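One structure, pasted below without further comment.
Labels for the chains are A, B, C, D, E and F, by order of writing; each one numbers its residues from 1.
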């Protein structure tokens, strides 16, 4: 099957920032993204878990598949949001079918 | 005095408090007892809906007077004022940074709706009536403290606050505020007959669900305490015990000033003494990302909340009773 | 006429409707108020279970007659027929593609169980009895409309439907149909004494849980309306308001024909007038992936559901009362 | 004999059993009916909390005697002993490996709290009283069986068990044990007046929630049976039907020995006859990772649980009644 | 530690299609897969969120680790299901231990 | 934007082992990890789903971003836990910003 080079950007960010991040991604011309729930984790700011929590606490993982040439503008948009916030951004090489979608 | 002791003992051995203690102990002992996030959120939606409806119905029943407007304004003033006091105390008593102190102060200006609910349960059990619109006052006190904290930061320049119009809409339209105010409006509109239709849902199981909810809060508080041992101690810990007393005193003065009933005054003391852990934490994460969320949350949920639940509520009621007569 | 106006006003100011409105307004105002998916699903499981048991018990109590079989067949016929009318109207009134029109038509042939529940609450409050097996009729009306829509597509060749035996098992064994029919059977078997054991769970809190559920539906409907502004307007919007009236008229005729009571006729009107948003959307995603799900869902949940809830139910009841006497 | 038949029939046609059957049938028919994980966990938290409180209140009401200590020890002895019998039987009757046999045996030494709850519902419905502290006995019987199984493994050398101090803390502080014991303590402390405050939550809807919970257990059991067809048959299947009878006989003897009431003896039989599917599965996954979890779970939940629910409970009650008089 | 080349296939697909997709994967000889919940997302067909939804709405993410040589048959099987449906397929290089499992 | 090489380790493991795994990771000097919920899956030990389950059943996915030079010690720590348990470990190349965090 014909595959096309793409980038898989995974942004783990505080749930309260999700709306701002996805708005920024869309402004940067991203055509789609997927939000995965996160149950818990640990980092420099300690351990946390979603169990029993109320309110928009915790983190989410936003996964975004994009064409390589759009990576830079996506990262800039994402970083404007993530910069001062707790969060992790990673970028991996991947391949997608139906490249016209991205 | 003896009556107060009895009340305090009664309160300490109520299913509500014991449920919280069970959760706290279980978490500190590292049990894996836990509520799914969805269940905890579901219970909090239920409690907000039920307490809102009850408040609205009480207003519908007793008629409405100028008092509501005055009480709302008084509540908002308290919420806006308390962060300044809290901030000053934190800067003196602790080594918290400007940003952290402002964030903590915002939590104490705002209110904890579960503490309010627990206090109104105690009043109900004692047969003490209170103004139904106190629920609306609670809702009104959620947000002004945030404004004060942001203003403090912008003055002290302690690491740019990230405000903006978006943030304001978010805070005012925070789910818990909207649900509380909306349910209050529904209760007001449908009145006692409307409430009668759904009483078996919003009144009968209320206290039991509150127990389970406090069990969960105990678990979360215990986990928080366990994980942040070390960060909350000394001056910070003392703040978590002194600030509610100062808040309650301010609430008492304002309650007397605007002529609230014994029950209403007690609730205003409780609101002033309590610290937010829903609306404010979210707003602070957005507006003051540099503030360490663990400090505020552990202090509000692990120190001040249990203090108010066990000692605070009976104490505030006793003081209010001593002044206002029962 | 005046009585109807009063009923409509009563209905509009009931906690049920107001809860829906609160959700709708909160979502349109972009509040972050939201129910966890698990809580929403839990409430829908409760409602299906409770309504099923109640229906079965009613049948067990009143004895059984040929009427049940006739009513089931009549309901299935309505469900199968309505999509043809809906499809024709959509092709005339709107620019929807064949696939989209068929998908929307399937939703309107099938039924909305919450609308049914809300209508039976109104009947209960008015003291109007209805045939307990109407719950079974509701279940029977869920699926035939899907068959009609797939047949329409295969005839019009509007973009191959992806049917197959698998799909049929899935539709017939859809969780909501199985739960409704199963609970109906349980109610029938255990009868009034069996129900008495669990009445404090399935009857007492029912209306309150329905309020919270409608609050959630308001939130979902509001979010849908906000996101698909533009897609649902003009002819499509008009369809969402006219189609329920046509459905209700057909339901009325069939109800009279088969000799249902006033309550039963009203419920058959409500079922015919309502549009599915559980079973059919899932089936359409599998069978007609080319259809845009946002159109059907926004129309069913954002237009027709509130229309039925506020205006439809009292209107259908008034018309049925005018014809059948009260 | 006839009375027993009637009781069995009554039991079989109770909403509780029928709800389980509905779930089982729906899952076997591959319906997509399913409860969200959070809802299932929420219901189990509710049931544990309610049954714990009720037990504690019963003890508070009836006063306390040496019997409690004796019963706890007797229960723990039963829990520790049964795995040896089970293990021997499995090695004879089946081809299960040493590890798998030990894991299954641990499940049968421990207890199923839902079976206990269902049995106490039957007793309540029959007006048969039982010792409130049986809830504490249930909690005490959860863990010893695990110890026995690990000891068996270490003796037989059947593939190193992964024990250690951590594991022990985990088992003793398992969420369900902590909640049950904690709620029992709360009930004991608050007594009947404390319970009265939350009765509308922990007593009134109890049976209805139990129905929904059993519906879910039926779904999970049915899914398990469907997926592991083939693994549970022949000797393994027979074990799942015979072992509860042996357990119940042991429970009967011990109950008579320590002088429990009719109700208490029946419950001790039920506890001994039932197999765990919460605490033990988790412990076995940690300690005996080489054991196939599907075997134990399908046997406990798909075979022994329905057996006890339908035939076991009325049978054990009939036998106890025949011996102890009613 | 000895690692072996493998492919990580991530298929984001409508929840109603999950059963069909996993059946197809198993038919294509896949030895295992993991299904992750998805909270929300956005694409050409707009934004969506799982909050408050009833019914089998929304999407799921199916992650499948396979040996490189099996990729083609997996993709064909997956595409037969995904093709006409809303969904995204991406393939990344990865390494696994215990290759005999895949 | 300046990116740094890193490894993305994804460990799918039984929920009961989560605590032991994350403790081992932290002992091995990992600075952070994220736990994602898993809805269901299939493998050599059959199919499973989280729906309707009580107890700490099912699996979780632990995602860990680390510097390449730390991979070996992480894998050893993780394998000591995972080894005898049901579970899958995969390692992909990725890039992160703010490398000082990992």
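A few points about this structure:
Just so it is clear, contacts are C-beta pairs under 8 Å (C-beta built on N, C-alpha and C of every residue); 3 or more make two chains touch, one makes a residue touch a chain.
All of these numbers come straight from a predicted model, not from anything done at the bench.
Between the contact lists of subunit B and subunit D, the overlap consists of C.
Counting hops only between chains that touch, subunit A reaches subunit B in a minimum of 1.
Using CA-based centroids throughout, the chain positioned farthest away from subunit C is F. Comparing the CA-atom centres of all chains against that of subunit A, the greatest distance is found for D.
With centres defined as mean CA coordinates, subunit F is found 38 Å away from subunit B. Rounded to whole angstrom units, the spacing between the C-alpha centres of subunit B and subunit E is 45. In terms of their C-alpha centroids, the spacing between subunit E and subunit F amounts to 18 Å. Residue positions 36-37, 56, 92-93 of subunit E are each in touch with at least two other chains.
Under the contact definition stated at the top, the residues of subunit C that touch 2 or more other chains are 32, 34-39, 41-42, 176, 204-205.
Pairs of chains in mutual contact: A-B, A-E, A-F, B-C, B-D, C-D, C-E, D-F, E-F.
Taken in their complex, subunit E has these residues touching subunit A: 10, 12, 36-44, 59, 61, 72, 75-76, 79, 88-93. Interface residues of subunit D, counted against subunit F in their complex, comprise 34-37, 40-41, 44, 162, 166, 176, 216-217, 219-220, 223, 227-228, 277-279, 281-282, 285-286, 289-290, 292-294. Looking at the complex, you find that subunit C touches subunit D at residues 36-39, 41-42, 45-46, 49, 53, 169-170, 173-176, 178-179, 182-183, 185-186, 189-190, 194-195, 197-202, 204-205. Of all the residues in subunit E, the ones that touch subunit F in their complex are 1, 3, 6, 8, 22, 26, 31-37, 60, 65, 92-97, 101. Every residue of subunit F that touches subunit D in the complex is listed here, in rising order: 14, 16-17, 20, 45-58, 84-86.
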